[in-house]
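Structure record follows, encoded as structure tokens.
Chain lettering (A, B and C) follows the sequence in which the chains are written, and residue indices restart at 1 in each chain.
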Amino acid sequence: MREPAVRTRELSVWYGQSQALHSVSITVPRGTVYAVLGPSGCGKSTLLRAINKLVLLREGARVEGLVEVLGVDVYRDHSAEEALSRVGMVFQTPNPFPHLSIYDNVAIGPRLRGMAKGRELDKLVRWALEKAALWDEVKDRLKSPASSLSGGQQQRLCIARALATMPELLLMDEPTANLDPVNAAKIEELIKELSREVTIILVTHDAEQAKRLASTGVLLFMGRVVSEGPISSILSRSYSSIIQSLVASARRQ
Amino acid sequence: MRRSIDVIYLGVATATAIVIAIAAAIVLALSIESSGVLAREGLGFVLSPRWSPSEERYGFYGVALPLVGTLAVGVQATAIAIALSVAAVVYLHEYAPRRVREAIGIAMFAMAALPTVVFGMWGLSAVAPLVREAGLGSLCARGSPTGQSVFTAALVVGLMLTPYASSVVSAAYDAVPFTYVEALHSLGAMGFERARVLLGMVKRSIAAAALLSFGRAVGETTIVALTIGSAFNLPLCPFEPAHTVSSLIASQYGNAFLYPGLTSALSAAALLLLAASAATTALGARIARAAVARGGEA
Amino acid sequence: MRGRSVKRRLVDYAVHLTTAASALAILGAASHILLSALVEGLPVLLRGASFLLNPPGPPGGEVGGVGPSLAGTLVTVAIATIASAALGIPAGVMLSEARGSLLARVAERAVELIAESPSIVVGLVVFTLLVVPMRTPSALAAAVSLSVVALPYVAAQVRESLAAIPLVYREAAFSLGLQKWKTVFLLLIPMNARGVATAILLGSMRALGETAPVLFTAGAAFQVFYGIDKPSSTLSLLIFFFAGTPYENWRRLAWGAVLLLVLLSMLLASLTRRLAGRVRM
């Protein structure tokens, strides 16, 4: 059996003096949609950014514990860069580069990596835009600036931007949080489609969305794992049992 | 009910009116004073290369050569300031360790606080000899024997402008929302690749910084007068001495009472300077404001 | 090839090196200026009272001092600080508190125009309007010239610092039922004393450093301080004139004046920074 897409052990993250994650251990199997659930401020985005090391960009951030991505210890191994180049990310607020064209936004990743040129790049861009269900809407204006798209289209463009690098793992930080229900439904549809080919870690605070899309996941509360496993089981737990397990995990440390 | 005149408002309004009067006085005094020479010389004032206050009764006043000098110094100084600033901003944001960042911040602060005459003195005693020793003058037909040249002036002015230009560029670079920086990292972009995209996002602010720098370079007098070598010369080669409009005005400080047309000619030259500096500065400030209003997403 | 190619790494390294070199050049230039001022100027400055009080020595003779020019600097900068504050503070208040009114809109343009005027231009205007009628350059004319140059900095700083007062405080002040302009001067300005003090300091820093505005207006009286309505000089003017002379003693004197000017400017700049947390450049 192949190693899991992501495995963390005793992962702790600090921002300066304040600790955002406490000994988080999760295992994300390959080929699934894995949901990261929990209330606002519980550390979902921090967990996601600890996986692809973006957390280190924050002033004063510190990481302890093990993070294995696609079998590589990304905080210690020399091949971390290579492993992380197979990880894509989609952000909570759509953030296509506003001054670049639609085409250039999708092409930027392959170009940086020297993956394709000319015709081949055109094909790759088209493939990514089709995967992101955006091709039909933008095929006639690939050269117009990305800022001319609607919010929902921009988010799909960001998904295409990530897909164009052919990631094996896609990190999505509340990709529908800033969209209207119609556009949110489109993105959800997309996630279902994509999950056949890439492993997706989906941060959401919407339990219904998690049920619709994910098979397994983790529930965080105040930086700690409350429970991990099949979605239905982690969501069925009552509030009092959450408190109990939190108290227990705090005692263990 | 309130019958008494608002005394405080009256005071404020009076002071404001005086400020307006000062601005008006600048424009009016220059216009009236310069009308004499402009009536005599017409377009020849800007087109003629002949500047000779002592000739005939009134003298000849053409500032074509200093105008070219102003343009040359302005363009070169701006290029130097922008190149240094952009490079420094990229280095400080994408590569530099924290310590270095702080050291350069202090250097910039100190440079911004230095009076221009200090730069001028330094240019004269350190940069000009360097230009001379390096033999750069021999690259030009009328190369400067003292090391005072258009390039010398532009280099010192460019350095003087660097803290200013880089504060504009750096503020814009900082104002790019963090999420774009994260997106670039998530795509695996390296330092220069991030810089290229982010600089593309702040290009309006860079343009604004260039215009604002040019506006200041055009008006800069002290440094230029000390380092350009003050000569009526068409500065097609950067290592030749020349005049700018401002250094020309400065060089005439003692003569203004001597020749009948000189004050008028100097005022006309000053009017040109004011127009050039005001136009570029106003345009630059407008672009800068627009760039800020767009939230760094230029 | 998924990772970072050798070519990318090389380019990144090259960009790293060149940008670091540029930053180093800036650092080097700043240090060289300050070190030159220190090395050349300190021996002169250490002559103490004779440097601060005496007039310059004769050409080619002893070094002497900068007494008359220092006096001229103190007088002109003091007048310019007061005058630019007296006009710039109310103007800044008008710009912030009567925003949109006709007077404020015109004043806005006026302040911008003065700020955009190269300082040599201001000097020339004061020359035609003041020096010619008075038939002599003077400390007063120099002070007027410096006031005008400093004025827009004061006004802009006051406007910005007033505009930065949070709305809640502003509302609280105006809810007390005082007349509008009384509220501004009795509550908003004291609330923002730091901003106003910063503005005044910025004005004096400007006046201290400028040379071009006094070139046509101060005269060139380096030997004696004759009084406010007579020809005079300033430190910056002394540097400007003595920098290019062939006389070793005058150049050394100029370096002493440079160091003195650098120290005074740095003092004002750090005061400003301490007050404002930053300096407008």
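Quick note on the criterion: a residue touches a chain if its C-beta (ideal position, glycine included) is under 8 Å from a C-beta of that chain, and two chains touch if they have at least 3 such contacts.
Computed from a prediction, not measured in an experiment: that's the story for all the values here.
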item	value
Category of the chain touch graph - line, ring, star, complete, other	complete
Between A-C and A-B, the pair joined by more C-beta contacts	A-B
Inter-chain centre distance, chain B versus chain C - centres from mean C-alpha coordinates, in Å	16
Centre distance in Å when chain A and chain B are each reduced to the mean of their C-alpha atoms	49
Chain A-chain C separation of Cα centroids, rounded to whole Å	53
Chain A residues counted as touching two or more neighbouring chains	81, 85, 112-113
Residue list for chain B, restricted to those that touch at least two other chains	188, 190, 193
Interface hub residues of chain C, defined as touching at least two other chains	4, 8
Chain A partner contacts - residues on chain C that touch it in the complex	1-5, 7-8
Partner chain C, residues of chain B touching it in the complex	2, 6, 8-9, 11-20, 22-27, 29-30, 33, 83-84, 87-88, 90-92, 94-96, 100, 103-104, 107-122, 124-126, 159, 162-164, 167, 188, 190-193, 195, 215, 218-222, 225-226, 246, 249-250, 253-254, 256, 263, 266-267, 270, 273-274, 277-278, 281-282, 285
Parts of chain C lying in touch with chain B, wherever the complex brings them together	4, 8-9, 11-12, 15-16, 18-23, 25-27, 29-34, 36-37, 86-91, 93-94, 103-104, 106-107, 109-122, 124-125, 127-129, 132, 148, 151, 155, 179-182, 184-185, 205, 208-212, 215-216, 220, 236, 239-240, 243-244, 251, 254-255, 258, 261-262, 265-266, 268-269, 273, 279, 281
Residue numbers on chain A that touch chain B, as the complex places them	49, 52, 54, 57, 81, 84-85, 87-89, 91, 93, 95, 97-100, 108-109, 112-113, 147, 158, 161-162, 165, 171
Of chain B, residues touching chain A in the complex	177-183, 185-190, 193, 197, 200-201, 203, 297-298
